[in-house]
């Protein structure tokens, strides 16, 4: 059985130890294992649903290669994706769906990205990255020498008020782990975190919240939302003490709060009592954002804020982040989408294998420089630590 | 689950129907003295079911509650004999419950062990300590004034003295679960522990406190049990853990956490007590009672699922029909 | 190959086996009769019933389910098997076994159908059937009891004789463990059980017939509990309406001590059997060490807690060292970028993971 | 042997409990003056005879648990008595032998207005309050087989035989089986809290000390009337006491489990088993030579006399003055206890004659 697995991995052009437990693998490698699993059954039709959503660019490329190989081997591949560049790089035909109905099916060759986006959102989309220039204020977050053995090493950076700082790098390079440690979800081994000039106690999300730090987590369904609970309850869950009088939560205040944010974020919902599990992915993400913005934070950390949501909502999220930064909010964003990083960030921090490799200002951050730093194929000039 | 068909409402309706039908077919059933008996009979189960609801809502479980109650009961007897003061004994018993709950809570929240495994272990440990404490003896010399509290009625009413305690605690636990921040946290933790941590809910501290409260209330139940049976014994409350859990689940609390209501649980305990009493008065043998308890528990999970599938099927069909008509 | 040895040492069975050896060694040193011919025989007889049930329970636990009804199934099967051969003096041991196993399989079908097809929570279902089966058994037995003089000699002597110094009851248990272990380890459908347990939705998406596998696991658990009923009948030369009451939690405890993950996905039949052996051996050794009667239960509970705590600490330490090891590996082999393991994070279940579907 | 400290605590606790039982009994008796009124009225009635029993009484028989052959045999006797006095009787009871479970059924007896309740208390203390309630509600309460701690909670107790005889007989049987050489013996009891077992064990200890210096009691273990636990305890006894010569198990479950274990082990023939057992369960082991003799009383007589005593009480008589059952008169002692007779010894020769 192990030999069979090794043969399959060979066919896919990857080098994996068949004895390793799947739990410790990177998401990319887990995807490869999934595909190997499908091949082992001699599948003729393979459906891939958002296979690259959690992958970085180079990893995605490897997966697309595998998909091409499968196609050339005679298998039919159905590829579901939000990433148009992949669609155009890989697919022969495409089908656009909106609101549960097919909008159009046509060969890829006869269309372009702009047209597909129009089909997807049903209208013209003008500005995908509505970044407004801001002047950075005081340092809100100061991280120095943050280290967790085996996860990330000696990470130092600052985030100022009104600034959007992006964490770029491959999935698994330790970006999410750093922001989790900053917010206090995970314990770190050494280093320090300061918010507005005074140290933040480690491993205490409540203390972070009290000091105006908010974290929109990576995984919306598992970490961001209480799926069976209503829109109102999800929105209010972090600020319950503010809504409570003598320990009893005032339902009216809760609903007012939720209604306020639903309106501000243009949430499309079927009533504040609707369970969030019935909302679309994009609207779910808006609820997560509402939940954290309701805490009135000084520092908003967003981890993959637009993963797996449609193009229209993506633009709304970007506009919201820009607008908040414009009002003096410090934003720290982890993202695997280079266009998003380059379009939104005032500064880009690039991580590789748990280390901060480069810090690039908006002006000097280009796709090539970020990717080179992220993959370590060449060292890039940059401060390497806080600006 | 569909809102109209929600299980907690169904249980309440079942309770009302059972009492009404019982009153018609058996005049003895609806009599005051039987009502008092039923209340007394479900006393300990109801008490422990209140905090157990919280625990199961957060996705944890405590199988050691019956052993905790028994140990608290044994400590009550032991401390009464040692000190000669019932006040001291009661404090010692409740304190024992708190310590037992804290041990469970520590093992689950600090060491990260599964609560099912931990409380199977402490179930044996606490019961073992009962024997270590009392051995082959039974303490049966509690002052008559106290034991009267256990089995006589409030003068002028058919209600046992335990009634006010049940009412006050049930209301208190219901208010906390459904109206306060702590209650919201309990729901949130049950729906997603991870999301709760990200939302700054002190998950470990909350769970630890729930285990402690469960232990304390189990200790209280141990005292009620001792007084009702006028004796403290190492094999008291044997097997109550499954009865409590069955009641909580029957009341519509999801074993996966995050779903449930306090009044559903209270209705369930009252319903199971009434059904048992009614069947007993009808001379239904004990074996059949066991089958009915199990059958009801199965029904509590089967019926909502079947109902949900049925309504989903109808919804789909009506959508298809609506689409078909121009 | 040396990978095999490495896996054995890294497995969760090794510490349990080690603890078992320590308990045996210490007790024998204090009381040499503990492992005398008769002492060993008695110990193995005591292990056989719980051990067999633990083997079956493993199938259910690795699927992230549980079977609490095993005690009631044991009672029901012991009674049905006993009734089938009552008064029959011929060689009807096989008949008894057959009847017992069939009763168990039917009970397993009931549990499995409710869990698999209606997708009901296993704990609630089997808690319900625990009561139902127990009630059915009590209704069927009524006031009757099956006594040794009514049973065929083959059944009664089966409970007290052995082969190569090992009781027949233990041979049954070992046979079941061997078959079950090989099945789980090498058969595709056996491996499916682990896949379902570690990630039910993903298992469904790769085309594993989850409902059928669930049914299978419950039938195995039922068959083992049913077989254990016949062992019970043989061991005690009779059965009454209280047989099997309260057996469920010790069986689950044995599996947990043996490293079977209560949240599914990992654990072996061998581990469960070792867990049952360790728990029973500790219990018996307390008597052999002359621990006061009234303290034995408390000490047993304490030892169970120590066992699961130790298991957890070993696991945590191993995860941490694996994480540091992975980081070192990563630095040495730039390019391959393993994701550091996180406690409980099950990445494959997230939205965005590839899902493959097979259309034949 | 257990540490002496524990034994001291246990002894003090027993002493305190028994003192308390006496004290509680008298105070509760004085307190329930309303219920005392009824018997005092009937005390002036003519001495009870079988003829004084009313017809058509409704009598409930409540064993420790149903589905136990021993209690079914007792119920057969009760039914015989009910037929004789033309009463309507019914056996009700829980499936598990606990006082808590019996409580349900005592309530049923009160609600359903039975005239009399004949009960074997699964737990001497915990049913006392409920039985007093039943008496207040006008139910005649008689205990059989196992008594309650507070004697004011029942009128008469029908005891199988005197604890003295039970204890001494079992010592005699083991002494006979072990032979004049003597040696170590152990006791395998039921639940540690079972009051009748503990009383018998105490008498056995006294008897051993007084008359059997050749026998040495080395251990007492508890099998909780569970077959598996009892068998494991028997096996464990052999581990901790390699020179053991005999096991006394004064409970039907325990003695059957011990006999089954010994009969299938190498100890068969060298370790003797005796105790209180049912002939039906023990038949196989007396015949294969594991057990030389064991004993019990006729459980049917317990039910039979219980119904008669309850009938007298429910008809307004006072069985405490003695009562007639069938064609035989039974005396009742100062504690309200009537004795059936000496225990019956069963051996390979006579065991087939008994059906229970």
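Letters A, B, C and D name the chains as they come in the text, with residue numbers starting at 1 for each one.
Assume contacts are C-beta pairs under 8 Å (C-beta built on N, C-alpha and C of every residue); 3 or more make two chains touch, one makes a residue touch a chain.
What you are looking at is a predicted structure, and each value in this text was computed from that prediction instead of being measured.
Novice: Which chains sit in contact with both members of the pair chain A and chain B?
Specialist: Looking at chain B and chain A together, the chains touching each of them are C.
Novice: Please identify which chain has its centre, taken as the mean of its CA atoms, farthest from the centre of chain D.
Specialist: Max centre-to-centre separation from chain D belongs to A.
Novice: Distance-wise, how many Å sit between the C-alpha centres of chain B and chain C, to the nearest whole number?
Specialist: From the centre of chain B to the centre of chain C is 29 Å.
Novice: Where the centres are mean C-alpha positions, what is the separation of chain B from chain D, in Å?
Specialist: Taking the average C-alpha coordinate of chain B and of chain D, the gap between them is 35 Å.
Novice: With chain centres taken as the means of their Cα atoms, state the distance from chain A to chain D in Å.
Specialist: 74
Novice: From the C-alpha centre of chain A to that of chain C, how far is it in Å?
Specialist: Once rounded, the distance between the two centres reads 43 Å.
Novice: Enumerate the residues of chain C that touch no fewer than two other chains.
Specialist: 138, 294
Novice: For chain D, give me the residues that contact two or more of the other chains.
Specialist: Where chain D meets two or more other chains at a single residue, that happens at 6, 66-67, 95-96, 192, 222.
Novice: I need the residues of chain A touching at least two other chains; which ones are they?
Specialist: Residues 219, 222 of chain A touch two or more partner chains.
Novice: With touch defined as at the top, which chains are paired up in contact here?
Specialist: A-B, A-C, B-C, B-D, C-D
Novice: Mind pulling up the chain C residues that touch chain B in the complex?
Specialist: Residues in contact with chain B: 114, 118-121, 123-125, 127-136, 138-139, 246, 249, 252-253, 256, 262-263, 294-302, 304-305, 308-309, 312-313, 316, 343.
Novice: Quick one: in the complex, what on chain D touches chain C?
Specialist: 2-3, 6, 66-69, 72, 95-96, 192, 220-222, 226-228, 231-233, 235-240, 242, 256-257, 260-261, 263-267, 280-281, 283-285, 287
Novice: Chain C touches which residues of chain A in the complex?
Specialist: Per the stated touch rule, the residues are 15, 19, 22-31, 34-35, 37-38, 41, 43-51, 53-54, 63, 149-151, 170-174, 177, 219-222, 281, 307-308, 353-354, 376.
Novice: Under the touch definition given earlier, write down the residues of chain B that touch chain A in their complex.
Specialist: 175, 179-182, 184-185, 187-188, 191-192, 194-202, 258-259
Novice: Would you mind writing out the residues of chain B in touch with chain D in their complex?
Specialist: Checking each residue of chain B against chain D gives 28-29, 31, 33-34, 37, 41, 81, 131, 134-141, 144, 147, 150-151, 228-231, 233-239, 276-277, 280-281, 283, 285-287, 290.
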